[in-house]
Each structure stands twice: as structure tokens, then as C-alpha cells.
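Structure incoming, see below.
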Amino acid sequence: MAKKKLNIALIGTKFMGKTHSNGLRQVSKFFDLPTEPVMKVLCGRDPGDTKAAAAQMGWEEHSANWKEVIARDDIDIVDIATPGDLHKPMAIAAAKAGKHVICEKPLANTAKESEAMLAAVKKAGVKHMCGFSYRFAPAVATIKKMIRAGELGEIFHFRAAYQQDWIVDPEFPLVWRLQKKHAGSGALGDIGAHILDMCHNLVGPISEVSAATQTFIKKRKIPDSRTGMHRSNRASKKAKMGTVTVDDAAIVLARFKGRNTLATFEATRFAPGRRNHHTFEINGSKGSVVWDLEDMNYFQYFNRADPDQAQGFRRVNATDPGHPYADAWWPPAHSIGYEHLFTHEFYDFIRELNRKTVSYPTFEDGLQCNRVLDAVEKSARSKKWEKV
Amino acid sequence: MAKKKLNIALIGTKFMGKTHSNGLRQVSKFFDLPTEPVMKVLCGRDPGDTKAAAAQMGWEEHSANWKEVIARDDIDIVDIATPGDLHKPMAIAAAKAGKHVICEKPLANTAKESEAMLAAVKKAGVKHMCGFSYRFAPAVATIKKMIRAGELGEIFHFRAAYQQDWIVDPEFPLVWRLQKKHAGSGALGDIGAHILDMCHNLVGPISEVSAATQTFIKKRKIPDSRTGMHRSNRASKKAKMGTVTVDDAAIVLARFKGRNTLATFEATRFAPGRRNHHTFEINGSKGSVVWDLEDMNYFQYFNRADPDQAQGFRRVNATDPGHPYADAWWPPAHSIGYEHLFTHEFYDFIRELNRKTVSYPTFEDGLQCNRVLDAVEKSARSKKWEKV
Amino acid sequence: MAKKKLNIALIGTKFMGKTHSNGLRQVSKFFDLPTEPVMKVLCGRDPGDTKAAAAQMGWEEHSANWKEVIARDDIDIVDIATPGDLHKPMAIAAAKAGKHVICEKPLANTAKESEAMLAAVKKAGVKHMCGFSYRFAPAVATIKKMIRAGELGEIFHFRAAYQQDWIVDPEFPLVWRLQKKHAGSGALGDIGAHILDMCHNLVGPISEVSAATQTFIKKRKIPDSRTGMHRSNRASKKAKMGTVTVDDAAIVLARFKGRNTLATFEATRFAPGRRNHHTFEINGSKGSVVWDLEDMNYFQYFNRADPDQAQGFRRVNATDPGHPYADAWWPPAHSIGYEHLFTHEFYDFIRELNRKTVSYPTFEDGLQCNRVLDAVEKSARSKKWEKV
Amino acid sequence: MAKKKLNIALIGTKFMGKTHSNGLRQVSKFFDLPTEPVMKVLCGRDPGDTKAAAAQMGWEEHSANWKEVIARDDIDIVDIATPGDLHKPMAIAAAKAGKHVICEKPLANTAKESEAMLAAVKKAGVKHMCGFSYRFAPAVATIKKMIRAGELGEIFHFRAAYQQDWIVDPEFPLVWRLQKKHAGSGALGDIGAHILDMCHNLVGPISEVSAATQTFIKKRKIPDSRTGMHRSNRASKKAKMGTVTVDDAAIVLARFKGRNTLATFEATRFAPGRRNHHTFEINGSKGSVVWDLEDMNYFQYFNRADPDQAQGFRRVNATDPGHPYADAWWPPAHSIGYEHLFTHEFYDFIRELNRKTVSYPTFEDGLQCNRVLDAVEKSARSKKWEKV
């Protein structure tokens, strides 16, 4: 008996459009789903590019008019993978049309926008997910289970950094991610959002922050067209200069209501050699864990209860059977790649579409993250601790 | 204009069936191919299982009769992913039918069989590839380029190990991979073949070997059905015992004609904690490299020309742009997984279908590997160095 | 011709007494010194213990009266390795007596005390060193040279942590290091002082900070006697409880006058598995470096100028010839241990005894560190950024 | 009450002379010994050099006539740290004079010489130690305890390499270590001896071997004087060429009487970047361990009994309390260096001077190693497995 179909419209054809398309194409090939996701329509800004991308990535249809697509009766899920300034209108339109909504992170460029989005999906009674994809790494999911089970005890420290290096070169041009009107903020909202959410995911809600931000390179050349994240990108020689209106880096201290945990965060695009270095360390009364996105399938675990002469961090490969999501894939230590964070994301979303409580990050998590992002920016200006 | 289609029949539905299906499904999504591969027919032993697997993995048709499928006019490529004892009849039949042939490694259970297979594809004038998949890791492909460009200088040492641990437990049952009639040999032909081919790929043909093999556990329970490679597999409690007829481990010294290089190899399924630990180190007059499958996207590189106070092995991430295959994927250090070794394999095969000379491993490489495997077994018996 | 002798009095017989004694005993065996250090008198609190320690560690004499010893004409150098509350009276007395003074870190428990100490040594015209021992690791000294030579370019980030775990257990007793009257502060002044000084050493003076501190365990058993830093130490079962009056952990953000650099610091004794984990990472416009005390002889170095396909952090062993101090020791990669940080410290101090400008950390550095420590504590109370 | 003195004569002033002197100087400072070792006489070839070395390293007397020194009544222990061709006459003379004898490894250049030496010490009834120093690393001593306690179960694999790179450059001169008449063999006897002994130490006696050796660079310039192991050493420009009469590298397979264990060995001086890379891995039925001299204080341990979701190699720091020798040193993870392998060696030797059974490697171990070395050379010639 054929499964019920679930028609999806994706808005966005670039980096995140590619990851979402791939996750949707692969999810039913590896996981047993209650319904069959169908890659119905891909929406993009430029008709020609969108047509080519749809063909390349396996979408049935394509469109340059997201409003029309959202209005279609046959669409069940709207998946938003655009720059942050477009999230709010798209998500609210989708919710009003009764569609389930998936939206990339940060949920919006401000908490205020996120509040409106959350209100809309709640009012519409639709499902909503915010794409904090790193929650879906098997290693991270195992760590979450361990913490929930009390295996780390009381948490003393959360310490995270997300470091990249793609704009260290002053010749790298002024792409949309470096413009406040599109991206909201810089390293902070792009990669800082991931580490703040990871803290929410594993430890709990941050209640106050102290922060500093910095823009190291304040003027850059304006590029001719939209361009990707590779460090060798260049504007044309004659390009005019424009002003970088976002942070290049942010550092944050954080505290939590009702617990003594101390947290530190660093998000930067100015760390040469750190291509995509998202790491965290958690120290608890019973043990510690360390994770590093650049070795995504592993985590390190120290157990204080180990025998005295055999104590040490052990390197656990979370593709081993028994770890979340691992059984769907290959034999132990046959690694899976970055792309399957999205495959897992879609698996959880589709599997839980008819459940009352869900396991994945929702717009509430997206809003909570935006509130911390706002407090970080406020603290960076006030030079004081600020409540979330 | 639509691309010409290329119809593929895959024989095998288990581990390798799954990796090949995935690679074929993904290759045209990420790489620009001259022709469009079509997942036409999946062949398997059991009709019901094959039907289910075909549906799950995206094949248009399924069949339990590989001979019929090979005979079909509309099939362009036959891809063999079965136990080794079936490679020869299938490959020869495919060649005779004028199909291009892809065959998993080891090409056959003996060099004699491989010779017949090579003769058949040559006579038929079809393309042929032997699935030494690890050649297709971006890090390995970069190392090959470096060696070809002389960046390591004269090669002094090649040192490789492929260690696994899935049969350490005496309760693990007597699966087909532990039976000589199906698998030809044990760790030697399964994972030893990979490290021997890696040496051929990077250094050149081995000319003589000295070796020892060992079966640590000589009797195991006979399982009820075919079963996978996970270390927790068990036969039923009442299962009868059978004899393990293959090696559990092999160690090998090797030399090369016309060069002074020394090589050592170890293949074992008895290395606790080494889930899938395929490593090699190469020391040359200008530098050294190290690779480890469990950190597949990285390699380590030591350059003797580095300044005196900054010498050290550097850890290079081969998902960085410029490395082979890397541009097709994600931004730097957004890892790719094991499965894409096969995606790359199909990319090279399809791209070069009309070329006179090819870059991928052919049946000639498969035969060369089988000859070394035969010499290893001969040496293990004779307790002398044996010529390949 | 015999070298001029240099008579040394050391005050302190415990952990730091042991490291200093060893450094003094070894320094002339490996380094060519202009004068010959003589281990003249060891001073301690308890006469019996001090006598035994002097015999064990190679001191000619011993005394339980440091004031008498400082007054002796034949003493050239007074070396202070006591709890922080005793530094000021001892250092000032030594300076007044015209002795050169070496003092353990933190220089004092407050900046005010340090100011008085610095004034005293300046007035007396004697040499003074503050024992920031980690500056003397060959790897750290190489990194300093690289930064001075501009090899990292403009510094964007300094990121350091000093994590230990010896008091995680609530049964660990209330030793002097957990009492404000003796230690001044907790993790902050003990190990935080090291990472702050490392920042001063490599980047430059911190001008303002935002910080938080935390005491995770507020009551502990009072031990019967002075006891060491091992995590299994216990008070007697009947011991009374006392109050921990220092921080268990501190987290700090910092900025610098005249540069855009962002810095983060974490000092904690509550990180299970991190026995002695002093690490820092520096990201500059030309490259990055990482150091970790637990792998003391190595550092990692990323050079943006490396060829595109061979970029990566390289692991440099600073026992290789050419690195500072390395030539005195063993062949390359024959490691040296923690203890020789002190050997190097005494080497530099004695070698430069007659120089006008010195390379080692002085009381000025000690004072600068104390000023930051004071600002950290002020900020932890005020919840605002505080100027140093 | 003063301890009884133990007068030591050391022959050898170069690398090993320096390590032995340091160990003797330090051992009583850190370990509680039943007798007090006295650094009585240093013997060397050149009177002036020996005098200077004795002063520098803390010896009471010096001599260029080892025969006279051995004959002295007041000498209790003769410690031989010379090239291998001098071991036999010195050790036999010392034994005949009734002295305890310590001798560097390899015990001699052939098993025949070692036999004579063993016979001499046995006949004289003196204590004897062969300097396999790596047995004395705390991490190695812990691994030995674990194996003896059955914690690794049945041993399947021993896999070791000792790789260096100091003679890769063809301009490196023909030092004594490259001449058969002095050194006996090349990489094989120098560093190969260490890994073979490590196997004896941890697994048991090797019973047969298959091997190959290679000399990569056959002619080198003759140096003007004796010179050290640094890779930048050079002969004068006008130096004449001489023939390298030893191996540059050796590779070995080994088997054991009465057990199924397979072993592989590689000793080479031609591995760029591997400055002093002595590693081994042991795989047993209950777990695995890995050690690497370049991270001497650590070992990795995999325990098959760990919970399924937390399996992985853990990195144990053997300076943690409870590990052999560790209590004598610093707090946990305050590393010790290479030099203290010798400190531990002297500790064990002196502590056990009046015991019937000893824990350290004796001339019997030295002979056993020489027998394997001889078999390796025989096998390299015969191209067959050879019995030890």
C-alpha cells in the first residue's frame, strides 16, 4: 500500500537550498517514514537559475514566485532557506495558508520578528521547526541523552566556539552575509546562533549575558553578484567599496536562571585554519564531554567513575550501532557526512508530524535564540550584563 | 536537450548493494555527467527481499534472475556487488553480452579467475572497473597527485594496516565472509585487498612478499540466515558449530621491482576498538603522508622543506576547495561521508566511458591485486618470500 | 678558573619548593652560566620537615626563620615559594636587605601589595622576577618569537583556558588554596593568573574586563594538616566544616588599548578529566597557533601562506633544534618535562643578572597581572566592564 | 644515620653518558633508595673532553683508562654507555672484577658476544642490567601490569615501529652508528632492538622471524670527528666518501612459540617528520592499547567491556597517581621528560640490588634480543623464516 504523500515547497536555491534538497531526497531512502515526502516545488529569485537548480537537485517544479507557491492547495510543508530578512514574511504567509513551516536559523533577524512568526504558526496550529541542524549529529544526540540521563551530573561549565576563516582576507567582498539589512548580524547570528542553541539544547535557557563584538575589517569591495562562502571569492578590480555593517566576531559570557553553570562563547570568521570549527566542552560533576564539528562523528567522554589507573577522555565514534540515527547508515566507523544533519532533521520532522510533542527545535527555540542574540548586541553596546 | 541515458543493472542488495545504489542515485545530483545514469534493475537472490530493496533504494525494476537481466538489450552497465565466488560467471556473462562491467573487490577469489574475467572484458572491448573504493577519497586522490608530482621524492616506506573488530567475539557466527568457498579468504581478501591495492595505486606493483596468516577462532556457530557485519550478531542458541575456513588476520612484508621501497601490511578482524581502521603512512625523501579512513577527509603531510622552526605534520582537510572531487560538495570542512567514495567511483567511470585511457582501477588492477593475494597465501604456506 | 658563586635562599618546601630546588640543582648541569648558583639555605615553617626536605633536595643548610636568613650577608638571591599572603613581607624584607628577589605568582594577593613590592625592589635596585613559569616552555618561547617577528600578523583573538579537576569531589577538604586569607582568590589567582600573564606575554596589556566567578561547593571539611593538590585527598571523618572563601572558577572577556583584539579566559578547578589543561589559541591575520600544557613540547601552527592544497595546522615539536632552550637538552623529540620550565627560568634570571634589560617576567609583570585580577573581581561584583 | 654509599663508574660521555649521569644525579632526589649512589668516576676516550664532561655533569673523578677504573676496589657498579663493539670487553672485565654491571642496548653486536657477557656476570654472581630504557616509562609499566593482570586477554597482535629521520639527507656524514664494525647494525640494532625488547617485555619471547633490510644511501662523506644525531650534521666539503655498512631500515614479521600472536616491526631512520617515533599497538581479546614515545606520558586504552554507547580509545595520562613511578614526581599531568626513563632504571636497579629476583631487563633479556637481531639478519639474507 502506497504511503500518503507530503508535498514540499522549498524556498532557497543556494547553500541551504542544496542541503535541504539533498536531505529531502535521501531521507526516505534510509529511514522508514509514515508518509512519503515529495520534492514538489523549488522557489528562487531568478527564474533561470531556479529552473536549473530544480532539475539538478530533483524537484518536480520550480517557481520564482514564492507567494503563489505558498498559496497552492497541494503544498503541505513550506521550507524556508533564504537570507534572514525574508524569513518573517514567508513564514507568516505559510502559516496563514495552513502549511507546516520549516525555517532556517536564525529564525529571524530580531526577537521581535521571531515572536510574530511564532504567534503565526501557533495561531494556525501548524507544525514548525527551526533549522538548528547540529542538534541532529548522532554524537550530539548521544550527548543529549547522556545529560538527560544524569550521566554528566550537575553541569559546571559550557564552553563553545564556532570559528571560521572565510573572510579573513581584506579582498573578500561585501556579500549579503556582511550586511545588516539582510543578515541581521554577522558571525553572531550566523554561527553564534548555532552555539547558543547548542547550549539551550544541552544545558538550558540562558538568562543573562555579557558580550563584546568586533568588526575587524570595516570596508570591503561590493561584489557584482551573489556569491558563496569560499575564502577565495573576489569582487572585480574596479568594484566600489561598501561598509561592513555586521560584526566579524562576538565573545559572550552567560549565566542561567536557577543553576550555577558558567558559559563562554566565541563566534568568529577571523580564525585562520578554522574552516568550520564548531566545538563545545561540557564539564559536569560526573564527567565531561567534548565535540568538534570538524570531526563530527566523534565525541570525547571523560567518566569520573572510571578506574583510577585508566582515566582519560575516550574518543567515541557515534556511527557505532546504538547511537541515534546510526542504525540507518553503514557499518560502524563508515562515516556519514555533514549533509545528513539535514536528512536527520527531515526524518524527525516528518516522523513526528502527527505527534503532540516533538523532539526537534521549534520556533520557540528559534525565538529563545533570537532573544539571546538581542541581549548579546545590547550588552555589547551597554558594556553591562543584560537579561535575556 | 536531454542527456543520453545509461541503463544500469546492479547485482547485490546487501551492504555493497546499498552503497552502489546510493552512489548511483547521488552522482548526477552533484557532478556534471555526459550521460544520465538510470537505476534500471536491481538483481538479488530472494525475490521478495529484492523487490523491497529496489523500492527502498530507488530502482525501476527488480529481478531474481541475473542471467536474464544481463541478456537484456537495454542494459548498458552491469555492476556486480556479490560474494566473490559469483564475480567470475557474472562478469564473463556481462562481457559476452557486450555490457560494461563494474565489479566489487577482490575482483575474484583467485588470480586465475581474475585472468579469465580480464580476458573476457578485453575480448568484448567493454569498459571495466574494479571497486577499490578508497582510491576515491579526496585525501587519497590528493596524495596520489602529490606523489605523481614528485612532492614526496623517492619512496622509502609504505606501511598500511586495515584493522576491524567485528568478529572478535567467539559468539559471532560463521557468516559467508568466514567461508573460503564464498569469500576466497578472510581478512586478507576482504580488507587486505584494499591496502594492497592502495599500495599499487600510490607506489607501484609489488613484486614479492613474505607473509603469515592466522585463524584465531577456528570453530563458530552456523547462523540461520545471511547476516551483516555488526559485532553483536549472534546465531541461535541451538546452532551447530562449523569450521572457519579463512584467515582472521594476515601480515605481509613486500618489495618492489626496480625500487628499494620496503612495505609492511596488516589486515585483521581482531583489533578491538578498530572499527574500520584503514591507515597508511608513506615516507619519502622529501616528506611523509599519513591517512586514516576513520578520519577520511583528512591527511597528514610532513614537508622536509618547511622552515626549521616550523616543521611538523600538518593536518590537511581535503574537503577544502582544490582537492579532487571537493568542489562538488559543501563549503570547506563540511565533511563528506564514506558513501561518497562510491559516488566518486561512478562519476569517474561514467565520465570516462568514451575515453581511451581511464583513471580508475580496472580489472587489470583487480588481477594484479589477486596475484599478490595468491602470493601471500603461498608464502604463508611455504614460509619463504614468494614472487608475485 | 672557578666561577663566582651565587648563594640562594629558598623559602617554601612544598610543591613550588620542590620545583625550584630541582631547577636550581639542574640549571648549571645543562646551561652555561656566568656564575655558579649554590643551593645555600632552604627555609620552611616546620624545622623537622625543612631539615628533611633540605637533605632530600640538596640544600646545604636549612632554617625555620626566614627573617634571619634574609639578613645573612652571604645570601645573594631570595626565592619566595610560599602562599600568596606571605609574598609581600618576604619580598620587601629581601629587597631591603639588598637581595635579588624571585617570587612565585601571583606576585601578591592584591595589586596594592604588588605595588609595594615593586616599589621596594626598585628602590633597592635589585633584580626581580615573578614566576610565570609557562613563559619558559620552548613552544611558548617560539610562539613569542613568531609573534614578535610578525609571523601571525595582526592578532584578532586570544582564547585561553586553564582547567583542572582536583577539587571536583565535595569530599576534598578545605586546603589553604581555598581560603581567601592565604590564597587571595581561588582558581582565578592560582591558574587564572597564568593565562592572563600568557596574554600579556604574547599579546600585550589587557585594558578592561568583564567577568563572572563562581564557587560551586561552598562548604568543605577542614583538614588536619597542610595537604597537597591530589584529587583523592580527604579530611578525617570527624572533621568540622568550613566555608570556601574563594572562587572555584572564573570566566573573563577582555579588551586591549589600541588594538581590536578580543580575548576570552576560563580558569576552573571543576573540569573533570582536565588534570592540568592550560591551553591557548591565537588567531592572527597571517595564521594561528595553539598550545596545550598537557602536550607541552608541541604547538600547532597554521600558516595562511601555505599552498592551497596543503593547508592545515601543523604539529611542531619545540624540542627540535633551533627552538629556544632546546639545544641544551636531548636529540629531537626526546621530550623534556614540566620541571624544566623552572630550569629555564633560573637560566634566564642568572644569565641576565648583570644586564640592564631582562627577558623574563618581573615584578612589573606581576603587578600588571594583579591589576587585571583585581579588575576581574571588581567586574564580577559590578556586573559591568571594568578598566584595569 | 647515613646510608651506605654505592660508588659508580660510568664509561661513555656522549648522548648516553649524559642521560646516565642525569639519571644518577636525580634518582636519590626523587626516590627513596636503600643505598646512596655516588657519581665516582666518569671514563671517556679523550682526557680533556672527559674532564670537562665530568665537571659539567657532576662526577667526582674522571679517567681515560677504563681498565684501571674497573680494577679499583672502591667501585661497586660499572655502567657501560659506549658503542656496541666495546660492550663485551668492558662488561666481562667488570664482572671479573666483581662489579655489578649496567650495559646499554643492544647488549652486544652479536648474540655470541652477549652469551659471553651473560656467562661472565653469572659466573661472577654480580647483578646485571641491559638498558632497555623504554620499559621504564610509567605508561609502559602500566600496560605491562594490565597485561599481566589479564586485562587485555589473549594477545592477537603486536605491532611496533621505531621511526627516525636524522639521516634522510644524503649529506649527513658516515658517523660511527653507520659502521658495522662499531655499531653491529644500523636502525635494526639501535632502534629495532628497542621495539623487539618491548615485545619481549609485554608479550613474550619471539621464536621465529621473516625480515628484510635496506640501505637506501650506500655512500656518505667521512666526518672529521665524532658527531651527534642531529639531522643537520655535515662533514667538511672536502671529506672523502665511505661505505655505509649497516642497514638504514628493517621490517620484520614475527611469531611466538605456544601462542597464535602475530607481530610486525619496522625500524627506520628514513621517515621524514618522525623524529623519535617509537610506537606500539597491542590487540587482545579484551581490549587494545597504543603507546607512542613522542607522547610518552600517555597511552590509549580500549576496553571491550565499556558500555556500547561509550566505547572508544581513552587517552590515559600515566603521570596520574597510582601509575608506576608517578608518585615520585609532580601533580597529575605535570609531565615528566624522556630523561627520567633512566632515573627510573637506576631506581629499580639500586632498589633491587640485594634481591634474588629482579624486575628490570637483565643480560638475559639483552641476549634474547641479540638472538632475534641475529635471526633477523639471517632471514634478510636467506629470504626465509628463521628460528631465533
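Just so it is clear, A, B, C and D label the chains in written order, and each chain counts residues from 1 on its own.
By our rule, a residue touches a chain if its C-beta (ideal position, glycine included) is under 8 Å from a C-beta of that chain, and two chains touch if they have at least 3 such contacts.
Just so it is clear, the structure is predicted and the values come from calculations on it, not from any experiment.
S.K.: Give me the chains shared as neighbours by chain C and chain D.
M.R.: The common neighbours are A, B.
S.K.: Which option, C-D, B-D or B-C, should count as the same interface as A-C once over half of the contact pairs match?
M.R.: Matching more than half of the contact pairs of A-C: B-D.
S.K.: Could you see whether A-B or B-D has the larger number of C-beta contact pairs?
M.R.: B-D
S.K.: Going by average Cα coordinates, which chain is farthest removed from chain C?
M.R.: B
S.K.: Between chain A and chain D, what's the gap in Å when you average each chain's C-alpha atoms?
M.R.: About 54 Å separates the centre of chain A from that of chain D.
S.K.: Report, in whole Å, the distance between the mean C-alpha point of chain A and the mean C-alpha point of chain B.
M.R.: Between these chains, centre-to-centre, one finds 35 Å.
S.K.: Taking the mean of the C-alpha atoms as each chain's centre, how many Å separate chain B from chain D?
M.R.: Distance between chain centres: 41 Å.
S.K.: Residues of chain B that touch two or more other chains: which are they?
M.R.: Those would be 311-313, 317, 320-321.
S.K.: Touching residues of chain C toward chain B in the complex: what are they?
M.R.: Touching chain B: residues 142, 298, 301, 303, 306, 308-317, 320-323 of chain C.
S.K.: Chain D touches which residues of chain B in the complex?
M.R.: Touching chain D from chain B are residues 154, 156-157, 159, 161, 163, 168, 210-212, 214, 216, 249, 251-253, 255, 260, 262-264, 266, 268, 270-274, 281, 283-288, 302, 304, 311-313, 383-385.
S.K.: For chain C, which residues are in contact with chain D within the complex?
M.R.: Residue positions touching the partner: 15, 18-19, 22, 25-26, 29, 56-58, 166, 228-232, 275-277, 293-296, 317, 320-321, 330-340.
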